[in-house]
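These notes open a run of structures that come right after.
Look for subunit A in each of the two complexes below; its partner is subunit B in the first and subunit C in the second.
Here is the complex of A and B:
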């Protein structure tokens, strides 16, 4: 098969082939460690003249892929803009988990960061001692849900509601600390926008002082 | 500057791959490693969020020498010269504990020092307190003391039988892999545990036996298999010996009698037997393959005064059903510490040389030739014996690396009084813990994040750790400290100091691999290129071994050993101490807690020792959820916070052995031991529980889920 004019082996999905060639393509809902979800549509490419989501299209059936055709780029720009409208403020956390993927895709597509509309989804869950959930930057890609269910087989996270009222929740809309969550952090690692983010690892405890420790 | 360093989790024996992210030499995030075949991109809360302990301000930064009764800072030269002088006085009355948290390289240099320079085989480590009965039984019956299969076999099995273990808390990533088998492949699950663990919710059969009745239970299972003709006759005939005598012993009682002794329903026992011996095929199993069952066990089997008999009864079962030596079956004693497998492999056990080689002439000759000196042939003392024999003066000096026996030994008050009698005690560790406080010299060691080395996990996979941050203070890797000390002492005992002139961990590993047949094909170069390798790996082109015993056992034939249920435990409840205490662990803390008590988030998650008690007993004692309670045994007392739950049997209470707020279960436990393994009976002793006068306390979030099982 051919990708952007390069001859290559057709193995796995189109996204696998494209990334293996070192071509940069956004894939906000596809974690390297998880099965494809196909929710975000930021990985659209042109395959034999059709527009498809690269992350869950098997490469075997395709002859020629264009990631840089005008049509593909324009569609991805539109998708990214829509995604950004869903997306609120994101903290500027460098280092840390796999992250900042939306703005990297923005830059690669020549888009300017938007100013943020006020958003109806702005819940904050600080109940876990290990990580936090800030709904504002969440783009509902579903990576955390899949990490929890299909990687760790715990199933503490789900998406409740539909359309504009859809939101990520722990358990039956309870706080993380009251759900089946075991704080393995796979969702935090999977989140592309820092909606799920670790609490700073800094703080250390001295046996003998502070809460609960009596001599 | 930002860096990412691939390494291996320092907590449990699962051995997950981690990637340490650092900025300006501080750890900022711990990522999973999807390329690691043991963890496949998973981690648990400890691996992900527990690692900052390495940067804790309590880390020891200089050697300390006791002067005028107080531990005071000293230079390395002062400290090591002092230790060298002192230890030379105690040759012949010396013992050493190695660390299952340290690397294979650390362990190897330590046992070499003890055997060569101190001239004794008195070296042991915490395997004595966890799986020594499993190892004894496996060596006796099969000829090798390791897990026979791999985690991937849990996913290929058609049935999983989990006995006396709680992977959801103690081997969380193995639990995830097991749940994936249940979800994706319809694997059957049998759980045997006196406590209803989280995974029991998913079990096809859950057996909740009376404490200490394991032999009866497993003989009962065997009897069901025999009665229904489910045994693997071909396997028994071709691969085993001792069947007839063993069968006669099992047939002394009926299934009903065994079930009655263990306090379980005979029908459930039969169902479990059928699932283990002949499970229905899991989804996706090729029709040509026989459905396999994995037998997985933990401390619930071993930590009894008849722990070795318990382990034997399990191995008998595996031989009977022929569930060994194929993909998707096998036996797995789940290893606790990150490197408890490797510490034993590298020779830190009193009864054999590295690679479990005996002190016979041909095996020892290779070592003597390489090391250029004789080594003692008399088996050394086991860890628990070294401690007990301080009293008689047989042990007068000890060198303890990376262990805190004053949290991990049974009957802590008794153990502390013994350690105080030592004439010279050296402790080498990260923190000034309970044992270090009694030491004459304390040596600061590096953590896993500051050094090179290898850990061997529960599936025999040797994996690299690599330095991610600079050494804290003047701390040094364990092997380097011991080698330095050895060079100072060697000439005085007629040993060539060049025997300890290692320039790197890699050089140590090369010597270990050369002397140990099952590691001989490994090198850092291979481990770096290919990732972790599972032993046995005898040659450089050998890919490593996924499962053992495909066509023979190391001892030839597998051996059935008749076992009969003896007294359930050395100490049973009576009027004065009417409840049975069972100990174990929790997801959010690591063993005694020396490490995890120093991680703020983990302490926030669980800051008091919980005591699980059945609603019936709680009602009788007037205890409600969250009440502070006092627990007493004949040996000591502790306080805990009550969790009222029917996950424990009436008449039993469960307490994890982590020490929080000065409370630790090992003040209560009983220092009686199994023969021949000498493991203490942590799992059963008699206690009395009463409500403490209530006082206001701070409340955190809900009970953590891996403890929902309470």
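Here is the complex of A and C:
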């Protein structure tokens, strides 16, 4: 098969082939270690003239892929503009920016055009001792949920609700600390934004640390 | 799950039946009851909760009052007011304005009958014939008939069965009686009035496919249809071999993989394809999902032969199609017509005005509008017009464009936005924007948004959501500025 003019072996999915060739393609909901979800729609490419999501299209049946056709780029731009509805600026969170994949995709697609009106969401859950959930930056990619349910087999979180009510939800709509969450951190590692972020581990707040400021 | 035979399905397959039962008893689901059910089934609470919360008809707090229809045909009635407990459609578009629970489909609303809606002869001759022919020959007969699925996608039925069989056993068979598209009530008509025919088709499919599990998935609100089906099932040769599931809403259940997720006790959202359901569907089994009307046609084909079926309809689209006609007509109801019949003829037969004031909504929220001068088109699978209007599941709502088109287009756009399952970004974020643009008259921006919805969305709901908006703007753009 051919990808952007390069001859290559057809193995796995189109995304596998594309990434193996060192070609950049956003894939916000596809984690290397997890099965495809198909939710973010940022991995669109043109395959034999059809627009498909690279992350869940087997390479075997495809002859020619174009990741940079005008059509593919235009659709990815439009999807990214819709993605940008959901979140605001990258905040100054400890450990540096965490939404690298997302901002790189915006930059690569020249998203200087005005975006669609934003759809702010504001739930915050600080109950876990090790991480925090902030709904505002969440792009509902579903990676955290698949990591929790299918990688860890814990099933502490899901995405509850339909349409624009859909949101990452622990247990039966309880706080993380009251759910089956074991604080394994898989969801935090899988999250491509800073929606799920580690708790700042400041020395003075370390559990068991007897030499805190008050001491 | 009624009179449950001992099928070896994973325990979580009992989630939806238990949630439905609990919802029935209490009128809503609370956190405690979902947690309790999850524990009983040994599944994570969050997974049970996300599954429950994906079903749009479940309430999570007590509700009072009676649901009234906010659907298109009902809202056309003089004096109609936005109900306090609105329902997208109550599937009684033939007797507007509808409110409250569903009622048995009235026989007099069968305005034109054909081989599928005609009275049954109270024998199981088709099933016996299938037995005598054997699976291979029965499947060949079905293949010769050229039957294509009546759910709306028109995939050749025999090819679907063969694809599943080629994957090997065990396989699963699902009768899709979820019928959730506003303005479509033909499966309810078949189930209420001719359940034996549907059951015979199902029995024949079981003969051919030898499934490990057969499930009839019936719309959660379609009480009379479910009761008629279960009564007929109990008296049929396949009694005890079919699990009856009831849904709890969600237009997205029209997408087969979302339906399978619902049965598996998962969040009812579409799965990425491939694999197709016939490759790996219910719990990974090759799975055949067929619509009620398709099964009724299977019964006719095996009884009367492929040639008899091919006498009706066209060479590419043999057989009949049941249209659900509502709106501004004097004779609303179901019309079973041979494929290839002119759409305009059916509308005139139903008593529609049939002049330049007429607009037709064909294919509901996934279809689009058609002006009268394009209505003399044969009823065939596919689009009547590239902007959206299509045969789909056979819904036809007759409108007066000057008074209705604005409200109708907005109602359809709102319905799609509401019914988006919320999984993929283009549809979840884009469908409500499309409604906003249309409502505020920013129609110049519609094209780009409609394009990304159509080509980037994961499933048919999002892909086809632009139809009503695009077609309304194509023919009556002046109404929206």
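Note that the second predicted complex is superposed on the first by the 182 of 215 C-alpha atoms of A that agree within 3 Å, B and C clash if a C-alpha of one lies under 4 Å from a C-alpha of the other, contacts with A are read in each partner's own complex, and residues count from 1 in each chain.
We take it that a residue touches a chain if its C-beta (ideal position, glycine included) is under 8 Å from a C-beta of that chain, and two chains touch if they have at least 3 such contacts.
Keep in mind that what you see is a predicted model, and the values were worked out from it rather than measured.
In the superposition on chain A, contact of A:162 is made with subunit C only, not with subunit B.
Touch criterion met: A:178 reaches subunit B, while subunit C stays clear of it.
In the superposition on chain A, A:41 makes contact with subunit C only, while subunit B stays out of contact range. By the document's definition of touching, neither partner reaches A:14: not subunit B, not subunit C.
In the superposed model, A:3 makes contact with neither subunit B nor subunit C.
By the document's definition of touching, of the two partners only subunit B reaches A:189; subunit C does not. In the overlay built on the shared chain, the residue A:129 is in contact with subunit B alone; subunit C does not reach it.
Residues 154, 179-180 of subunit A touch subunit B in one complex and subunit C in the other. Against subunit A, the residues of subunit B that register as touching in their complex are 2, 21, 23, 27-32, 34, 40-45, 48-49, 51-53, 55-58, 168, 172, 176, 179-180, 182-183, 587, 593, 597-605, 607-608, 660-662, 697-698, 701-702, 704-706, 708.
By the touch criterion stated above, subunit C contacts subunit A in their complex at residues 31, 34-35, 38, 43-51, 53-54, 56, 250, 252, 267, 270-274, 417-426, 428-433, 448-449, 451-452, 455-458. Residues of subunit A that touch subunit C in their complex: 36-42, 44, 51, 53, 55-56, 58, 75, 78-79, 82-83, 85-86, 116-117, 119, 139-140, 142, 145, 148-149, 154-166, 169-174, 179-180.
Remark: subunit A residues 32-33, 94-98, 127-131, 151-154, 175, 177-186, 188-189, 198-199, 201-207, 211-215 touch subunit B in the complex.
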